[in-house]
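The first chain written gets the first letter, and so on, giving A, B and C; residue counts start at 1 in each chain.
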Amino acid sequence: MFRNNYDNDSVTFSPQGRIFQVEYASEAVKQGSVVVGIVSKTHAVLAAIKRNAEELSSYQKKIIPIDSHYGVALAGLASDARVLSNFMKQQSLASRLTYDRAIPLAEITLRIADRAQSNTQNYGKRPYGVGLLIAGVDARGPHLFEFQPSGVTQEMQACGIGARSQMARTYLERNLEEFEGASREELVKHALRALKESLAQDKELTIENTSVGLCGVDENFKLYEHAEVQEWLETTFENREAPAEEEGMEVDSDS
Amino acid sequence: MTSIGTGYDLSNSVFSPDGRNFQVEYAVKAVENGGTAIGIRCKDGVVLALEKIISSKLLKAGANKRISTVDRNIGVVSSGLLPDGRHFASRARDEAAQWRRTYKAPIPTSALANHMGSYVQMYTLYSSVRPFGITAIVGGWDPEIELPVDGQVGSGPATGSGGKKEGAKHGGPFLYMIEPSGLYWGYYGAATGKGRQSAKSELEKLDLAAGNLTLEEGVKEAARIIYAAHEDSKDKDFELEMTWVSSLDGPTKGRHQEVPKELLEEAERLAKKALEGDDDDDDEKMED
Amino acid sequence: MNHLPQAWGRPRDDVYGAYSNSFLQTSGPTTHTQSPIVTGTSVIAVKFKDGVVIAADNLASYGSLARFTDVKRLRKFNTRAVVGFGGDVSDMQYLDRLLSSLDIRENYAEESPDAQLHAKNLHTYLSKVMYKRRSDFNPLWNHLLVAGLDGENKPFLASADLLGTTFSSPTLATGFGAHLAQPILRRTVPDEATVASVTKEQAVELVKESMKVLFYRDARSMDKYSIAVITKEGVELKENEKLENQSWAFAEGIRGYGTQVN
């Protein structure tokens, strides 16, 4: 009866000039667990919540290092992110080979954006169902880019995408002034606090479910997980209740 | 919307019984919601200006440029779907590069507008694609002197006729606007996006066809018009992005560039002042 | 008589016999450039403490004929890179256009000089182009010197040739210059360590002297030349220099060719 006729494919405009398939793809991003990114004058940081399907399963990868100078964090369909990140790895390597240059972040962002755009204008394709935060340092300094399934990309000072990410963005907006001059450690703490804001009431950040990606001027992009994030978690949430932490440590010592 | 429910608006490249292509008309709707973009053809150059709505406080200020350079001497600004605008600019750059490979010289603005008009039109012909959700303004300066052919490394013989016509006029400022249908016209002043109506009426007041407006005046008028056009969506913050291209002996030396910061700020200051002046007038009227 | 258009301009069959189409055969192996045609001779360059000096004369020869006398063989790429071309001039023009298209792509966004391609990036790129073409058995018949500054704004000088071979040294010379100028350049700048003690004036003087020696002894050279100095301040390119203070006194002492018998 009230079926929407204009949402069957990504090559049909609605009478209002909207493309529903693209808008629906953006909903897939909101299903993914939250990731945040922040840049300062010297560093770019990504932080993410990893989900596991069940107790005994492993956690889903949320941050993918691409080249030594940058990485991406994803929210949404991980398989789409893998396609895009493989493409980014290829392009980054090609830049190093032909120019002996680390690919500028604005350039690589535009390349995936253009790919995403073509998926919204040609029949038989579907928009990517993933949002990305691209963070790193190039010749122009630290950068953070947001990528959306529509092919919209924007350079951000700070950003959060994924489930309940509005809470994280509210935290980021409230502390926006502090980021530019923040130190490496302060920046990570801000990212973790923003992440915490988006967490459901009964959830905690643990060394199992937290990923941090960090890159700086004269510091290569590195993914920090498990024991490597423990100290950050401890110093960021000092007055946290003990159990979650102990639980995390036990698992760590087992592995 | 008489079109809805008739079934003729569900696929691109389909005519309705009264000869309309609804998908193209819907694409125009996407443009009408975009930030206002304008272009002014002055006597010694072209100005492009864009009202960039700030959708989030977290955006990096001053980054995210949306007016693109094509080759060196042409600028493209569009209103509507951002990614479609980038697709358009990227294609325009390819067209310009291809032209250079063939003719060893920069593409004339008119030829670029023509090629891009054809390209956009192709996206109205097939049900396997959708039309561009943008209206693009293309502004450029074609060199007024004869440039060396690309790759030329010397001057060749100093004598001989070469078949040149003395005193022939070449180049100058050019401005075109390309719509989702592929239709394009040349303009003295072009406007598109949400505030196009008020921008158009302001542009008409300038009597651009007379060809008296200088580039620097054009920059200030463009800023004022964007600020005036923004009045309708006053609740949202915006950034003014502005570029220009002048003659070879002008301020940009025939290149398409961002308007320098000092001039941009001066133009914005005057634009705000002009708006306040308008408000005062309104207040006075109300008092009357 | 055959009046059909395909017979127009052909020798008459009744007079000359059937036309042999074998002369129109286009099949056979694909061949590419086997030798350069219009050529430029040496390019020489030397590093000094703040940058690099590079020079090449303005001659393009057609075999032994001095065919074009105002050919600029130094190409400024941006504020920190200059390319000098030796070898085939039309291939140089192709590379010039290739660099133009690269420059156009690099300048879509207005960037600070520090974010632009530097000489090292450019040399890597050009060497890949040269190597690709030689691997296609279709080489660009050039020997290039890339002079400028690297990512740390330190002097950079390297060469790439038609085989895709790359080489780097504080002094470099292509073509005849590799034999005649290189030893002179090395007398002043024998190694990387010496570069720090060489001033711009010394380097320019050294290059000018070497250009003079090349003009004395290289029959495919000319006394009009281009010279560029690349430093942090940018590129200073002069394209119409004339060799000064020439002395041909040594010529009289040369024996073994010309009308002299011994």
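Operating definition for what follows: a residue touches a chain if its C-beta (ideal position, glycine included) is under 8 Å from a C-beta of that chain, and two chains touch if they have at least 3 such contacts.
Here the structure is a predicted model, which means the values were calculated and not measured.
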Arrangement of touching chains [line / ring / star / complete / other]: complete
Chain nearest the overall Cα centroid: B
Result of counting contacting C-beta pairs for A-B and A-C, higher pair: A-B
Most distant chain from chain A, judged by the mean position of its C-alpha atoms: C
Computed distance of Cα centres, chain C from chain B, in Å: 42
Gap in Å, rounded to a whole number, between the CA centres of chain C and chain A: 48
Chain centre separation in whole Å, for chain B relative to chain A (CA means): 34
Residues of chain C whose C-beta touches two or more other chains: 109
Residue ranges of chain C in contact with chain A within the complex: 109, 111-112, 114-115, 117, 120-121, 124-125, 128, 151
Residues of chain B that touch chain A when the two form their complex: 1, 3-4, 9-12, 22-23, 26-33, 56-61, 63-64, 81-84, 86-87, 90, 123, 127-133
Residue ranges of chain B in contact with chain C within the complex: 65, 68-69, 71-72, 93, 96-97, 100-101, 104, 150-155, 257-258
Complex interface listing, chain C residues touching chain B: 58, 60, 68, 70-73, 89, 92-94, 96-97, 100-101, 104-105, 107-110
Chain B partner contacts - residues on chain A that touch it in the complex: 5-6, 10-19, 110, 113-114, 116-118, 120-124, 144, 150-152, 154-159, 169, 172-173, 176
